[in-house]
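Below, subunit A partners subunit B and then partners subunit C, in two separate complexes.
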Partner chain A sequence: MNKKKYLAVALGLIFCVGLAGCGGDSKSQKPDSAKTSVKKVVETTDVATKGEKKDWKIAVVVKDSSNGWFARMEQGVKQYAGDTGINAYQKGPASTDAAQQVQVIQDVINQGINALCVVPVDPAACDPVLKEARDKGIIVITHEGSSCKNVDYDLEAFNNAGYGAFIMDKLQESMGGKGVYTTMVAHLTNASQNEWANGAVAEQQAKYSGLQLLDNPKRVESENNSEKAYQVAKEVMKSHSEVKGFVGTSSMDTPGIARAINELGLKGKAFVVGTGMPNECRSLIKDGSLSYITLWDPAEAGYAMCVMARQILEGKKITDGADLGLKSYSKLLQSKDNPTLFMGAGWIAINKDNVDNYNF
Partner chain B sequence: MDTIKNAINRDKNLTRLLVVFLMVFVLCTVLKGSMFISVSNFQSMGKQFPEFGLLSIAMAFTLFTAGIDLSVVAIANLCAVLMAKFLSLLIVPDMGSSTVFMMIAAACLMAIIVSILCGALNGFLIGVIGITPILATLGTQALFTGFAIVMTNGSTLGGLPKQLSATINSGIMGIPVPIIIFVVFAAIAAFVMSKTTLGYKLRMLGTSAKASTFSGFDNVRLFIINYVLSAVFSAAAGIIMLGRFNSAKADYGASYLMEAILIAVLGGVDPYGGKGNISGVIVATIIVQMVSSWLNMYEDISNFYRQIIWGGLLIFVLIYNYVVNEREKRQAMKG
Partner chain C sequence: MNLQKTVKSTEFYVALIILLLCMAIQMKSGQFFTGNNLVDVVRAFSVPAMFCIGEMFVIITGGVDVSFPAIASLSMFFVCSELEEVASNPLFFFLVAMLIGLAVGLLNGVIIARFRFPALIVTLGTSSICFGIMQGVFKSREYPLCEPLKELGEMKLFSATNPVSGLTSNMPVAVILMIVLVFLGWFILNRTMLGRGIYAIGGDVKAAQRSGFNVFGILLFIYAFSGCMAGLIGVLRSTMLLAVHPNNLEGMEMTVIAACVLGGVRMTGGKGSVLGALLGMALLTIVDNSLILLGISTIWQKVFTGAIIIIGTAASAMQTKRNERKLAIKMNEGGK
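What follows is the complex of A and B.
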C-alpha cells in the first residue's frame, strides 16, 4: 500500500517538475528567440519602428490562437517585438469562445501591461473587462471591434465601401470589362458584408459601364456556408446563363462559387472575386476557377495595432491621415460618425502568382 | 496528531486535492513571485472561476448519480438570454433605481423557474422515459441552445440596465461579487450533498439504481430533483455571465462544458456514480483557475499547453482513481 502511495507522490512531483521545466525553458530561451528567429512578414518604415522609449509592454489578445489567421497575426506581433525591442506579445483562448477570451483578457490586464490590443470575439461581451483595463490606465485598441465602447481607438483594416470597390476592380479586370454579375453575402442582415457588396456595386456604376448587375437576384445568401454558396451559385448560373461574374463577400462564398464554376465547366468564362483564405482556396486559384481572393493581412494589422499603441503611449495624438509606417496603414482615415474609429487601406489581392507567399 | 490523522483518513480525496493545491500554489509563487501573489491577481481569479465553478458543481451532481448533464451551458445561456429579453422589455430609461433592482430580482427569479423546468425535463427524459443521460442531455442541449438562438437570431443581446453589470462587476471589501454568489451556492450544494437525506439517497442511487429501487426510494423523483438541482446551479452561472459580459448570447462559454466535466472528475467525483463531494470540486475549481492564470502570465506559452495540461491531468486522475479503486477492492476481498 505504501509503495503505491510513494509512486503517486513521485508521479505528481514529476508532473509538477515537468511543468516547471516548461515554464523555465521558455523563459530562458526568450531573449535569443526574440532576436534571431523573427521572420519579416511585414514591410515597415522608420515611423513604425522608431520611438522614444522601449520599456513598454503591449499585449495583443486575439479571438482564437488555434486559427491560422491569428497565427499569421502573431508573426506580425513578433516581428514588431523583434524590430523595436518592445515587449509585445500575443495571447488568445484555445477556442473561439467569448467567455474564454474575457478570462484571458482578465488575466493579461493584471500583468503590468501599458497597452492592450484586442480582436474581440464578441464586442459586447468584452466591454466590461475593457472598461476595467481602462480604469487601470491601460490604453485599449480594438481591431474588428468598432462597436466596443470602452476603447481608446478602434483600428480597422479598411473602410467597407473602399474594400467593395477593390473587389469590383479585380472582378472587372478578370471579366475583361464586360458582362453581367451578381453579388453574394452570408446573410442579408450582416452589416459589413452588405456594405462591401454595396461598395462593389457603387464602384461598378461609377466606373465600369461595360458591366451590369443582374436584375434578379441582385444579391444572394450563402448563410456563411460554402456548400450553400456552391448550390446557390449553381442555381444562379443555370437559370441565368448570362451571369459571368460573382462578387463574394464572406470567406465561405468565394470558394463555394468557384467550385460551382469549376463543376459547370465555366472556367475562363465565369469569374469570381471575393474574400477568401489562401489555404482554403489555393487549389481553386491554381486551377483557374477562382480569379482573385481579396483580404487584409492579419500580420500587418497586428503590427499596426502595436505601432498605434506605442504612438499613443508616447503622447502622440492619432488624427485623420496619421501614418503608422506600414504600407496599408500609411494614411489612416478617420470615421466621420465615430472619432475613435480609424481605417487603413489594408486590402490585398491574391491570385495564382502570389498565393504561395501566404500560408494561413 | 491523531485528530489530523483521522481527518486525513476520513477524506483521503480532499487531502490529496489540498496537497495538490498547495503544490500548485507554491509552484506558481516560486515561478512568478509578486505577479502571482498580488491582491489584483487574486481578485482577477476570483472574477473568473465562479461561472465555471458553478457549472462544475452542476455537473458534479449529475455525475454523482452516474449520469451526466451536457446541457449545463445551454441552460445557463438560455436563462441569461431570457433575462436579457425580459429586462430590456420591462425597463424604461427613467425608471427609479430601486424599481430596476426589483426588476433584476424578478428576472433572476424567472431564470431560476425556467431552469427548474429545464432540469425537470432532463430528469423526466432520464427517469421516466429511461433515456441514457448522455443522450438525453445531448438532445436537450441542442433544444435549449436552439431556443436561445431563435430568441436572439444568433446575435448578441445587450441593452441591459447598468445596475446589473455594475453589481456583478463590483466587490464588497475587495471581494468580487461573483465569489460571494459562488460561496452561497457552493455552501448550499455541499450541505445538500453531504448533510441531508436527499444527498444520501442520491448517493445510493448513484451507487446502484437497482438497490435504490429495492430500498424503496422513488428513483424517478430522485432523478428529477437531481437534474433540477444541476439546472439551478447552471442558471446561477448564467446570471453571473450575464452580468460579467453585460450581454447574453446563445453560445457564450461553449467551452466551459468540457472544463466542468474535467473539474468535477478532478475533484474526485466518480463518473460511475456514488462517490465524491462538493468540497473536492471547489478545491479542483480553484486549482484549475490558478494553473490557468499562471499559464497566462507567460508571454510565450500558447494556450494550447493549457489544453494539453488539462487533457493530461484528466487522464492521470482517471488512471490514479482506477488504481486506488482496484486496491481498495482487493483489500476489501482480503478483509
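What follows is the complex of A and C.
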C-alpha cells in the first residue's frame, strides 16, 4: 500500500512538471509580432500590392512558430504588411501540435479578421474550426492542406510532376547531360515523393536522351533516414559503377546520398539533386558533394497567400492562370480534380552561391 | 567447448546461415568480400550491435526494454542543441548524454524492480515521455552538429579502397567503442557474480532471491546500464551522421529485439549469449545492406528480409526442439 502511495506522488509530480512545461510554452508565443524591421525577402510586381482598400485584417496561422521554415514564412508575411500597409500577421503554436494550432486559430478568429490563411498540422483536426471561421464570413485559404474541406481555396507551391521535372533539369545540368541515374524516395508508398520521382523520370525521357534511368533498382527507399539513404546510395554505386546521378526526394535522402558520394571519393564524378534543408546541407553543398538542393520558398508562399486573400476580399475571382504578382505564383494552375486547389511554380534551387541567403 | 556441443547450439546455425548468405552475395555480385564493402557492413552493424548488449541483459532477466531509442534521441538532441556553446571537449557531450540516459534508465529500473510492473509497459511509457520532452520542451528538429563532435565524426580509423572500382570507405572511430562495449557485456555476463544473477533472475526470480542474489539491485543495474549506454550511443550516432536527426533511431527497438531472439536469447528469460545476439544482428545487418548487391528489386526487399528472419529462427528453434526430445528420451531410458 505504501509503495503505491509513493508511486502516486511520483506520478503526480511528473504530471505537474509536464503541465508547468506546457503552460510556459503557450505564454512564450505572445511577444513575437512586428518588432524586427521589414526586410525584402521576395521579389514582387505591381499586381501583388495593388488593391482598393487597406483596412483588411489577414491572419496567417502556421504549424509551428519556433521552426526556421515558418520563421522564413513570417518574413514574407511581414514584407507583405510593409509593402501594402495592410494589417497582415503570422501566429502559430509553440510546437507542431494539432490541438494547440486549433486553439491559435480560434484566438485569431476572435480578433475580427477578414481572411485566415492556415498551414494545417492535421487537416482533419482543423476542419471544424475552419468551418466556424467561414460561418463568420471569414475567407479561408490553406497551404499544404488540399484535403481540408471547409476552405475557399487551397494554394500549393507547385504541382508534383513539375517539381520532379525541375529536380531533373538541375541534375541533368550537374551531370553534364549524360550518364545513368536512379531515384530515391522515403517509402514506395509515399504519394507525393513518388509523384516527384515520376515527374523527374518523365522529364528525362521527354527531354534528355543523354541520361538513362538505371534498370534495377529504378527506385530505392531511404525510410526517411539519412543513414539508410547513405547506406543504400553506397550499395547502389558499389554494384552499379555506371550510376552517376541520384534524384533525392525526401529531405533525408539528399544529405545521405551526398555523404556517400563524398566518402566514396566520387565528388565531381557522381551527383545528387533533391529536396533538402539549407542549414543541414550547407557544409555538403559548400564542399561540393551536393550539387543543388531544391525546395520552395516559404516566404514567397506566405506572401502569396496574403495576396490571394486580398484579391478574394476585393471581389476578384481566382481562375486558372491567375497572377499573384510573385515570380513563382504568376500563373496559377488549377487542379482538374479539385476546383479550389491552385498550384504555383514555386520551386527554387540552392547551390553554393546562394545557400547563405537561407537560414532554416 | 567441444564440437558436438557447438553443433547443437543456436549460434552455430545462425553463423551457418550468415556464411551461406555471404557466399551467395559474393557469387552474385563479386563485391561482398572486398575491403570497402566489409567496412560498410561493420559500420552499419556498429550502432545496433551496441544496443543489442543492453537489450540482451534485459531480455535474459525476462523483461524487455523498448525505451532505448527514445533515451538515445533525447540525450543526443539535448547535448547537441543546448550545450553547443558550453563546451568544446567531445568527452563532455558524451558524459552529459550518459548521465541523462542513466537517469531515465534508473527511473525505468526503479519502477520495474520495486513495483514489479511489466517492463514492456513501463519502458513504452518512458519512451513516450522522452520523445515528448524532446519534441515539446526542446522543440526537436533537424539540427547541424557542433564543431567538436563533427571533428570526431570526420575522424577515421582507416580507409579501405577497392582496387578495381576505386571506391573508398572509412571506418568510423565508433567501432572502437563497440568493441569495448561488447567486451564489457561479455565480461559482465560470463565472468562476474552479477552475470550469474542476471541469468538466475531470468530462470526464476524467487529462486534467485532465496539463493542470495540482490534482485532489486541487479534489475536496477541492467536498466540503468541500458539507459546509460543508450545516451552514449545516441551522441555517437549523431557523430556518424554528421548532423542531429532526432527521429533517426525511432523503430530500431524492433530490429534489436529481433536480432536478440534470432541469436537465441529467449524472450521468457534465462537464456542467451553475447555471441548469439551479435550473430543475430550481423545476419540482419548483412541482409539489410546487401539486397541491392543481390539485385533484389525494392518491391521484394521486405519479403526477402522477412523470409530470412523466419528461416534463421526456424533453424535454431528446430534444433532446440530436437535437443529437448533427445533429453526426454534419455530421461525415459534412465527411468527404466
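Keep this in mind: the second predicted complex is superposed on the first by the 324 of 360 C-alpha atoms of A that agree within 3 Å, B and C clash if a C-alpha of one lies under 4 Å from a C-alpha of the other, contacts with A are read in each partner's own complex, and residues count from 1 in each chain.
The working rule: a residue touches a chain if its C-beta (ideal position, glycine included) is under 8 Å from a C-beta of that chain, and two chains touch if they have at least 3 such contacts.
Remember, predicted model here, so these are calculated numbers, not experimental data.
Visitor: On the A-aligned overlay, A:A99 touches which partner chain: subunit B = first, subunit C = second, or both, or neither?
Guide: In the superposed model, A:A99 contacts subunit B only, not subunit C.
Visitor: Looking at A:K336 after the superposition, I want to know if it touches subunit B, subunit C, both of them or none. Which is it: first, second, both, neither?
Guide: The answer is neither, since A:K336 touches no partner chain.
Visitor: Going by the contact rule set out at the top, does A:A124 touch subunit B (first), subunit C (second), both, or neither?
Guide: In the superposed model, A:A124 contacts subunit B only, not subunit C.
Visitor: Once the structures are superposed on A, label A:S66 by its partner contacts, choosing first (subunit B), second (subunit C), both or neither.
Guide: In the superposed model, A:S66 contacts both subunit B and subunit C.
Visitor: If you stack the two complexes on chain A, which partner ends up touching A:K317: first (subunit B), second (subunit C), both, or neither?
Guide: Neither partner.
Visitor: Please report the subunit A residues shared by its interface with subunit B and its interface with subunit C.
Guide: 22, 66, 94-95
Visitor: Please name which positions on subunit A make contact with subunit B in the complex.
Guide: Those in contact with subunit B are residues 1, 4, 8, 11-12, 15-16, 19-20, 22-24, 26-27, 30, 33, 59, 65-66, 87, 89, 91-95, 97-100, 102-104, 106-112, 122-129, 132, 189.
Visitor: Which residues of subunit A touch subunit C in their complex?
Guide: Result: residues 3, 7, 14, 18, 21-22, 25, 64, 66-68, 94-96, 188, 216-221, 224-227, 231-232, 234-239, 241, 251-252, 255, 259, 263-266, 277, 279-280, 282-283 of subunit A touch subunit C.
Visitor: In the complex formed with subunit A, which residues of subunit C make contact?
Guide: Touching subunit A: residues 29, 31, 36-37, 40, 44, 111, 114-115, 129, 132, 135-137, 139, 141-144, 161-162, 165-170, 237, 240-243, 245, 247-248, 288-293, 295, 297-299, 301 of subunit C.
Visitor: Which residues of subunit B touch subunit A in their complex?
Guide: The touching residues are 19-20, 23-24, 27, 31, 35, 38, 40-41, 44, 47-48, 51, 153, 156, 158, 165, 169, 241, 244-247, 249, 251-256, 292-293, 296-307, 309, 312, 316, 320, 323-324, 327, 331.
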